[in-house]
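The chains carry the letters A, B and C, assigned in the order they are written, with residues numbered from 1 in each.
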């Protein structure tokens, strides 16, 4: 088992020597599929069950924050749980059944049990008229309301008759639940990896992100890293806010971070930079994406999206970006029943995984070296580092050595050099290791975060 | 009557609440038409008559600077006036008559009354061979010379015979005249609005600019503004120089400025930045133009054009840009008899007016706020500021609130936020007012000029 | 004889008044043709003979650095000389003859005299299978090896038989030779012009560069210049390293520099910036190229190429760029027998020469002036500097005066103004001379290097 991506990033300080095989994509997919059926919300047993699944692979620390607790401007709401829900027609047939899809009930719907006319029912139904076969995903966390979500085509087929509507839910004093896993590195400086666990059966958004991070954390066990890695599995918005409120003393340790969601489809990848825009994570991710062979889009920060909204609020301004494949809100499957297990693929999960691991590799290894023979080029040929016969071409390896020697002046880091030379970081790093082994480079002090 | 443009900028501090209707374009056009026939030059009664027309709407202060006065490197020239001019052919018919068009005489022509051959006449004639039906506009302010300007086709039809040429002009000790109107605001900081009044019957260049600024000044009467607004109606170059020479003590008050000319045609708009290039006026105007729905061009400063040449000379370096529709010198009507009342339209005058007023709105309202709850997002929903049901879209109004909250960190002004979010300033401002009313923003100290 | 290029740069401080005629291109070509047949390497009599040819036109100072001398990380190798070489077939016919082309022997081949099979011969043959009629250029400076270079078509025609191979070369204790010429200017600040002299019969690479610099140096004799100009004719890499090692005390004087190679073909021009990227030479060359009427490419520094690799090594970081026509390695003639005298043209040599001289003109004349009348524009008309009659156009000369006056504020140099106005430096300079003569400019302190 290894952190190493399939095509070339070698993190020499680590034991991560074996490339990830396609099996790893299958593994991530399998875990996403396992947690897909669970009905999650921002509180309740669905979150707990999801965290238990993660905990069966990882020493996850689960936290409960009680209803009524104040977390910055917010208050932890009552805990919501749901057992069953349906709509029965006059003939007693279930025309909508929560057991078929947990999207059928608007999340945080108050309990209901009554007989309604079609007209009254329609006031409590959400559909997607332009996608008439799909069930929408809807929530009403902070409003006393209830609704069913269904295919528009189904709604159109309902006759004028009396319906029995039942939502067997509860809203009670309880708690909000989140899970944390800390991989300790050589330093207290932290890399935050955060995935939301509050969506019900939406495969890409965010069973995919949860599964990817669980696998990453699991593969890190026992590995030596420079940074510490904090994995956070929390409900969106209120969960991230609760975590920030409870950990203000530790927040200054976070030097890099990624919010991970929607990483299983074949779009993008899409990287939204941190509010800072030039943080190490922004530069490292952009570099890796440019050399990924995929078709990335890199966007500036905007204050809408996932939990980067909280991490990048002005009072924290953490260097945390958002990594996705397709961008939220831009694809027809988004927040509908079409975001199911058929929509995510092991291959895409693996690609996403490799991009994140390569980005970690850049952050772990970026450093500033000093050329020990800075006047003129050192003679690489007599050290066996250079092709002896002049010709037309020069290999990327040779070029990487020349770049590293020329710009290792104490002012440029390896990532600076990779960016300037347009060479992949791993080739620059390999050249650095060769030159360092021959005494041509010294230093290796860490680049500024 | 109101300063407010037609589509949405609301300057809440002011009473400028009603949108400008198309009538306002007609009003501006009517004033341009009224002053169009007057024969203006850099001195003389044409300027005085023009200022009297402005003064009939506005408490304009008229200044006279005597011939011979030294203004920096220049000397106020003798005053030029003209009563009549014509060319008669041998049959005694007037082939050119000043009464038909005041462009027929080169401005500042010395008096002439003599009989000349066709050959001699041609030495004192300007035409446009490539635009044979148009009369060119020419001047000789600082040379003892005289000339007629006429359609090339007319010149070609003149026979070899004796002509009587008469220019009944005078060049005598007198003065240069300019007018000023100051709208006092809450501070002494000034916004300079300057239009040249030295061109004879050229409608766009610059009856349009004079009429626009007269209307703007008139509509400001009685309004509360933060800045003071200085309107200057002066002859080009020598008039601006005379004003600068006479007001050196006040010049440090000028924090923003616009030279306004050629604002009635359907081209552009064209904005030429101040010499500084990043002054508040440059940024505000660029922002408004980008959201104007027109097809603007924004150019860097160059030292040729209108009176921004003087305001932006290195000894002053004032933050003054040039606003036009079509750029000077780029259209066939420029400085010809085709720049007549048919060339300018009420609709274009109104568009130009609205761009300038919106720009003033940005300058008046740009300020730096502080998010009072900077850690995580405040809960907008419980304050009725946010849509409660999750869905795919988010309205610009919601986005504006998120942008303002996220970047109100004491370092970004509302214009910074409007630029970064690509939202129109007025939407950012409206969100700011809402958030401020709920106590979520504080401060509102003015952005640096 | 004059340094002045053909179309307009007038260096007023100098006697360089007459434009260079096409004859100058012929002169440069003639010298390139004269040194073309010589068999050069990084050491040996070929370099000495080349320097003698240069020395017949110029007071060249020739230096010998002995075998075994340590120059930074390198050691001067044994001296290589070659008298004859051939391959004879079984019938005693010379199938390859060094006398026909000095490219036939890999440079620094050890002496050989033996009979070999075709198979054994092939282990010591370089060809270009994709350019089967051309002889490649190959070297093995720091390896004990030998080889013949030949047309691939010739190799394919060789039968299976015994061959006599003879390389009558020697590798002995001797020295490395380079030549220097210093044109003394008014200051000790130096402009380095460097051409490699180590390639055998390759016309463009670098007989062209050597001939251009020899001509430039010769035309400078007796001229007054602000800077001193150091011309260096040295073997590539090891020669530049030897020069740097022997002149560390003088290196701080070098304020500008160009490596000159491949300047006779019709491609490019190509300018590779110094490592600094914004050195005066980088800006001056880019400016001249943009106005050259040619189709230039300007590239960022990279640590592969010619001797800018050494000058721009991090321990020196000199402001030295590389000027070429076609970029090295990008054309089929590169390092082959097709880089012959038919490949270079007098016209291209002259164009290259003029670009370099104009760039020197910018560097020599760039300075910061102060407008003596900075408030408003000075009245150019009464000084005879401006056209009196208003019209549509304004000549570049008038515009240049306005630009120089507006930006001569003590902060902008003439090159800054030329860049900002997009006017050629020579027009800006001419306007500066006119304004200075009328007392409208003062100062003229040199721009920072």
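Simple rule for what comes next: a residue touches a chain if its C-beta (ideal position, glycine included) is under 8 Å from a C-beta of that chain, and two chains touch if they have at least 3 such contacts.
Model, not experiment: these values are computed from the prediction.
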At the place where copies subunit A and subunit C touch, is the share of residue numbers found on both sides over half (same) or under half (different)?
different
On C-alpha atoms alone, could you tell me the rotation angle mapping subunit A onto subunit B? Nearest 5 degrees is fine.
120
Quick one: report the Å distance separating subunit A from subunit C, using the average Cα coordinate of each chain.
54
The positions of subunit A in contact with two or more other chains are none
Touching subunit A in the complex, subunit C uses residues 71-74, 106, 136-140, 142-143, 237, 240-241, 244-245, 275, 300, 302-304, 309-310, 312-317, 329, 334-335
Residues of subunit A defined as touching subunit C within the complex
371, 373-379, 381-382, 388-394, 399, 402-403, 405-409, 420-421
